[in-house]
Each structure stands twice: as C-alpha cells, then as structure tokens.
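Chain lettering (A, B, C and D) follows the sequence in which the chains are written, and residue indices restart at 1 in each chain.
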Amino acid sequence: MNTNVIVLNGGSSAGKSGIVRCLKAILPQPWINMGVDDLIDRLPPSMLDSGNGVSFGQGGEVILGDDWRAMETAWTKGVAAMARAGARIIIDDVFLSGGTDQERLRGHLESLNVLWVGVHCSPEAVEKREIARGDRIPGMAALQAATVHKGVVYDVEVDTTHAETLDCARAIAEHVR
Amino acid sequence: MNTNVIVLNGGSSAGKSGIVRCLKAILPQPWINMGVDDLIDRLPPSMLDSGNGVSFGQGGEVILGDDWRAMETAWTKGVAAMARAGARIIIDDVFLSGGTDQERLRGHLESLNVLWVGVHCSPEAVEKREIARGDRIPGMAALQAATVHKGVVYDVEVDTTHAETLDCARAIAEHVR
Amino acid sequence: MNTNVIVLNGGSSAGKSGIVRCLKAILPQPWINMGVDDLIDRLPPSMLDSGNGVSFGQGGEVILGDDWRAMETAWTKGVAAMARAGARIIIDDVFLSGGTDQERLRGHLESLNVLWVGVHCSPEAVEKREIARGDRIPGMAALQAATVHKGVVYDVEVDTTHAETLDCARAIAEHVR
Amino acid sequence: MNTNVIVLNGGSSAGKSGIVRCLKAILPQPWINMGVDDLIDRLPPSMLDSGNGVSFGQGGEVILGDDWRAMETAWTKGVAAMARAGARIIIDDVFLSGGTDQERLRGHLESLNVLWVGVHCSPEAVEKREIARGDRIPGMAALQAATVHKGVVYDVEVDTTHAETLDCARAIAEHVR
C-alpha cells in the first residue's frame, strides 16, 4: 500500500519547512503540504492573541484555547479527507503535547498509510537559527526542542543539527512507498 | 440553519482577497479561507508550468491538466469535510468554466449551507489593477472578467469597480446567517 | 532639465505603493523606488519598538526618536546622491509634520529637479482600506490622512478615493520631463 | 576609527542574508543593510529579463547589461554617501567578476573604513541549499561558489558549510570596531 501521508514533527526552527520543500522537489509523485502553520496563517484576527484562539507567552510558549481546538479538529478531519480522496499530503506539525498529540492525529488519520517522521535538532542550534531567521519569538525554539518528541513513535528520524536539509529529505524519501 | 461556506467567484484582480480579509475581520464568528490560489501555492514544482498541472499561456489564459483536476477534486472534498466538521470556510475561486464549475463545486458541498457570491469588476478596471499589482500575468484579468460569471447563479453580487472593498464585504455579511 | 526625483507624499493606505508600481511600469525611462518604508524595513531590531527609533502608539500614531532622525538624514543624503549620480528615484514618504518635512527634504534634494506629488484619499476610504489590507495598525490611516498635506506645496495632486491607481499614475507621468 | 561599512561577498545560497540578520541583532550599534538584491528588487519591469538590465541564463548564469551597470554605479555611490553621512551599512554582494568587482567597489567606498568579509560555502552544500529554498534558479549557487572569491582580499573569512549562521556572524562581529 502506498504512503498517503507524511507527518513531520519537530520544534520551531528545526528545519521542517526546508525538508517539506525538498520532499516536494524530489519525490516522484505530486505531494502538497498542509501544516499547522498554514491553519494559523488563515485564522481571523479575533483568534490571534486571544485566550480562546492562539496566543504566545513572553518566554516563547504557545497558548491554545478552546476555539483553536475546535478549529484544528475540523481542519485535521478535512486534511484526512483530502488524503482519502487521493491527494498525497505532507503534514508538518509541532506536537506541543508530544505523544498525546500523536495519538489524537493518529485517530484522525485512520485507514491512511502514514509515515511518521521525527525532525530533531539540538536546542543550541535551534536557538541560534531562531536569531538568524529574525522573525521568530525568542525562546520558542529551545523550549519546543526539548518537549515535542516526548512519547512520540517514529518510522524514521532525521537530525538537522549537522546534516543538510536535502540529505534529511532524501533519508525520508527512501521510506516513502 | 447557519451558513457553513461562503463561495466568492470572480476573475483575477476583481478584489476577492481584500473581501476575504474584510469578511474575516467583520464577521462575528471565526471564518478561515481556503481558495484555489492556496492550492496552487502548495503544488510541487513538477505540477507548475507543466501540461499535466497548471500552466499559463502568453495571453493570460490558464491551462489545467489532468493531474490538476485530480488534485483539485481531492482538495475540494477535504475543504467540504472541514466545513462538515464545523469550520466556517470562505472559498475564493475563479470559475474558468462558469456555471459548469459551479455545478461541480455544488456537488462537493452537498448538505452544507452555501452562500454563493459573485464578485464583479469591469474589464477596464481589472486591467488597470493588474498593472498596479505588478506581479500578475498581463491579460489574465480582462480575459477572466468576461467569462467567469457565465451561467453562474448567485445569492448576492457585489461590484468592486466603484465600491470600497469593505463596503462589498458588509453587503455580503448581511446575507450570512 | 529632466526630472530626477519624484516625491509622493500621502498618508498610510492612500495608495502610494500602487502608484509607484504603475509609474515604474509606464514611464519610458528606468526608475527605482526608495521610500521611508524601505528604511523602516531594514532597521535593526533594537530600533523598532524603541523610544530612540520608530515605535507605534495604540491609536496609530508614529513616534520617532533621535536615532531614527539621524538614520533618516543619512539615508536621505544617500538617496539624493544616487539621484545626482544619474539614477531616477521615486521617493514615497509620509510627511507626518507636513510642510516642515517637505522643507527638510527639499534641502537634501538641492540641485535636483524634483516633481512634488500629493496623493490624497478621503479619511473614510483610507479607514476602510486599512481594514481590507489586514496588516495595518488600526487608526493610523485616518490619523495621517488629515495631517500629512498641511503646508505642503505640490506640482501635481491626485486623489485615489474614486480614481484607479493607474489613472493617478498616468496623471503624474504627464508631468515627468 | 570605527567601521563604517561591512561588505559580505559570497555566492548565492552561501548564507549571506542570515548573517546580515544576525549581525543586525548582535552588533551594539544600529546597522542597516543595502545589498545588490535590494537594488534588483526595485528595478522596473523593463530592466528585468532584458539584455540591457539583468537577466538569467538557463544554467544559472547572471547576465548584466549597460543599463544595469549605470544603475548599479549610481546606487553604490548613494550607499557610500549614506555611510559618509553616518549610517552604518552592511553591503551583501556577489562579486561575479571577483577581484575586479572588489576594486570597483573599493573605489566607491574611498575614505570609509570597510571590513571585507568572505562568506564561503562548499559547492556541494550550496547546491543542496538551493533546492531546499525552492525559489532559486538551479545551478546558480554552484556556479557562483567557485568564482566569486577569485582575486578578492578579505579582512575576515567565514565558512557556513559546517558552522551555524550565528557563529559566523559572531566571528565577523569581533572584527567590527
């Protein structure tokens, strides 16, 4: 059975977006990406910086409210439906609650053939890359690097600390059926 | 029954994106947008400028191949599933085949409460706005202005030729239940 | 003597950027743009949201500190030097202090042939356009619409309230030698 | 005498932009950046993809015409004037003609205290990063990696192949007076 969905989980600045671009360029079949940032980008103003939606603390922590949870559930069900209808989807996500988030996502992706990918990067490196990107909330990257992989089970894991993004993507692509 | 989906149909440079931003700002409930451009933006390189995917002719015409059709169908089924799962969705689209495209979309949105909106703008004005935007293929706007509304049936129609974007959005918002 | 510099003055959301893109597309000679926003975009983080640099009040007011003044003076002298060296430059600016700002800029542009352009738009329209753009500080547009033209003398004036951007650019282009 | 100008020279995808962002974040004084890409970004449509302006060959080569040369000279004189007027400027450039380009730039920067920085990266790594960025002309990065440093003399050199961007910036910052 062919792979329908690739899930990339990793903290902020770990290098997920670059891996997504590489995968789309090197995989022989057409893949599209639908990540958690894509949902955040299209939230209405009332759901940003609000306790019910998505807001960000001073130290880089992400605070998710009830309206976000409802919206994210509907979004994820829709992404799963796209995959069931034949689209190959790369989901890049940040499992703030680690294994608990994986289980919830696994539930939505039932009956699909999912490749679970861990994107690691050392806290020291993500902290430096956060500064180099210039548009990120300081502290978020290091905070997430330590926690998003807790209790998560992967089919393949890559580490961008010392490897080029394209090489990480190639390692992942070998597992795509 | 509440409105689940707002479909905005109009040619390039007619002002759909501005109306989407206004609707998200003024509607009391949270709405997210999922337009045809959002799908194009996430296509892999192999599907752009290719006969099977999406390509653009010298005169501004859009050429859609079989791979695009398959991808768009899966995408639309997913968007409909998001709405059925409780997300309020604004779809901004360009019905290149007019009423035929509406019927296909209507099929995907079955059981949902859809508000169909026509976004008009004179061919002269869109041609000028295309130049003012600077990043568009010359000719596309005028070409589409004439054809995308053929055979399409609307619940509400707005014309951005002489009206401010926000005023068009307000006129639409009055029809949202 | 040929026009070396076009100065566009108008408040936020009055439509200056669109006019700049149109002018660059329709003028027969090559023109480049160097506006106040281009300087703000390249300020270091320490000069943004700081009392010494550029910061923004709750009501949309812009607060300029001493470091900004020094930086802006050096920037403007450099832009004038580009024009003296043969580059045709479009400066789009917001004269927060009206005529006083014009006199200071006039001093920097000595010996150059400057076309002074006023870009008007009604406070009601800019307020609506600010919402349609979605990424602006609410209130800034209306606040500036009322004040940036005070005591400023123009060679040509356009009003984007009811006119297309391209038509405004064409009216300006007729005055370029 | 304090450093007025930092010149970063390196090929496409070598990591100059990230170093620029880091330098602006870590240097105690305010610095602004004015690179060759900033000029290209503001060229009128008539100078792009034209033999007189800037165009790009199939293999990633950059072709510069006479109009570009005139514009670049005026631009560079203006940037030098900004620095002479007190602004601290980071110039990121691609010396397509190596040492010849350095000599021309050195002429424009006379009387200023310039820190010349070489930004190296292996051809293998830039080729991979070009794919990961997704919006670059294939081949340009590897082509430039081999040639832009020929005959150029530096005050400090960094290599982004195995080092984090921020660490490269810190090494450069130690040389800024």
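Basically, a residue touches a chain if its C-beta (ideal position, glycine included) is under 8 Å from a C-beta of that chain, and two chains touch if they have at least 3 such contacts.
Note that the structure is a prediction, hence the values are computed from the model and not measured.
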item: Centroid-based (C-alpha) most distant chain relative to subunit A; value: C
item: Where subunit A and subunit D are represented by their mean Cα positions, the distance between them in whole Å; value: 33
item: Centre distance in Å when subunit A and subunit C are each reduced to the mean of their C-alpha atoms; value: 41
item: Between subunit A and subunit B, centroid-to-centroid distance (C-alpha), Å; value: 28
item: Multi-chain contact residues (two or more partners), subunit A; value: 24-25, 45, 134
item: Pairs of chains in contact (touch as defined earlier), listed by label; value: A-B, A-D, B-C, C-D
item: Interface residues, subunit C side, partner subunit B - complex; value: 18-19, 21-22, 24-26, 125, 128-129, 131-134, 162, 164-167, 169
item: Of subunit C, residues touching subunit D in the complex; value: 24-25, 27, 30-34, 38-39, 42-47, 53, 67, 70-71, 73-75, 77-83, 85-87
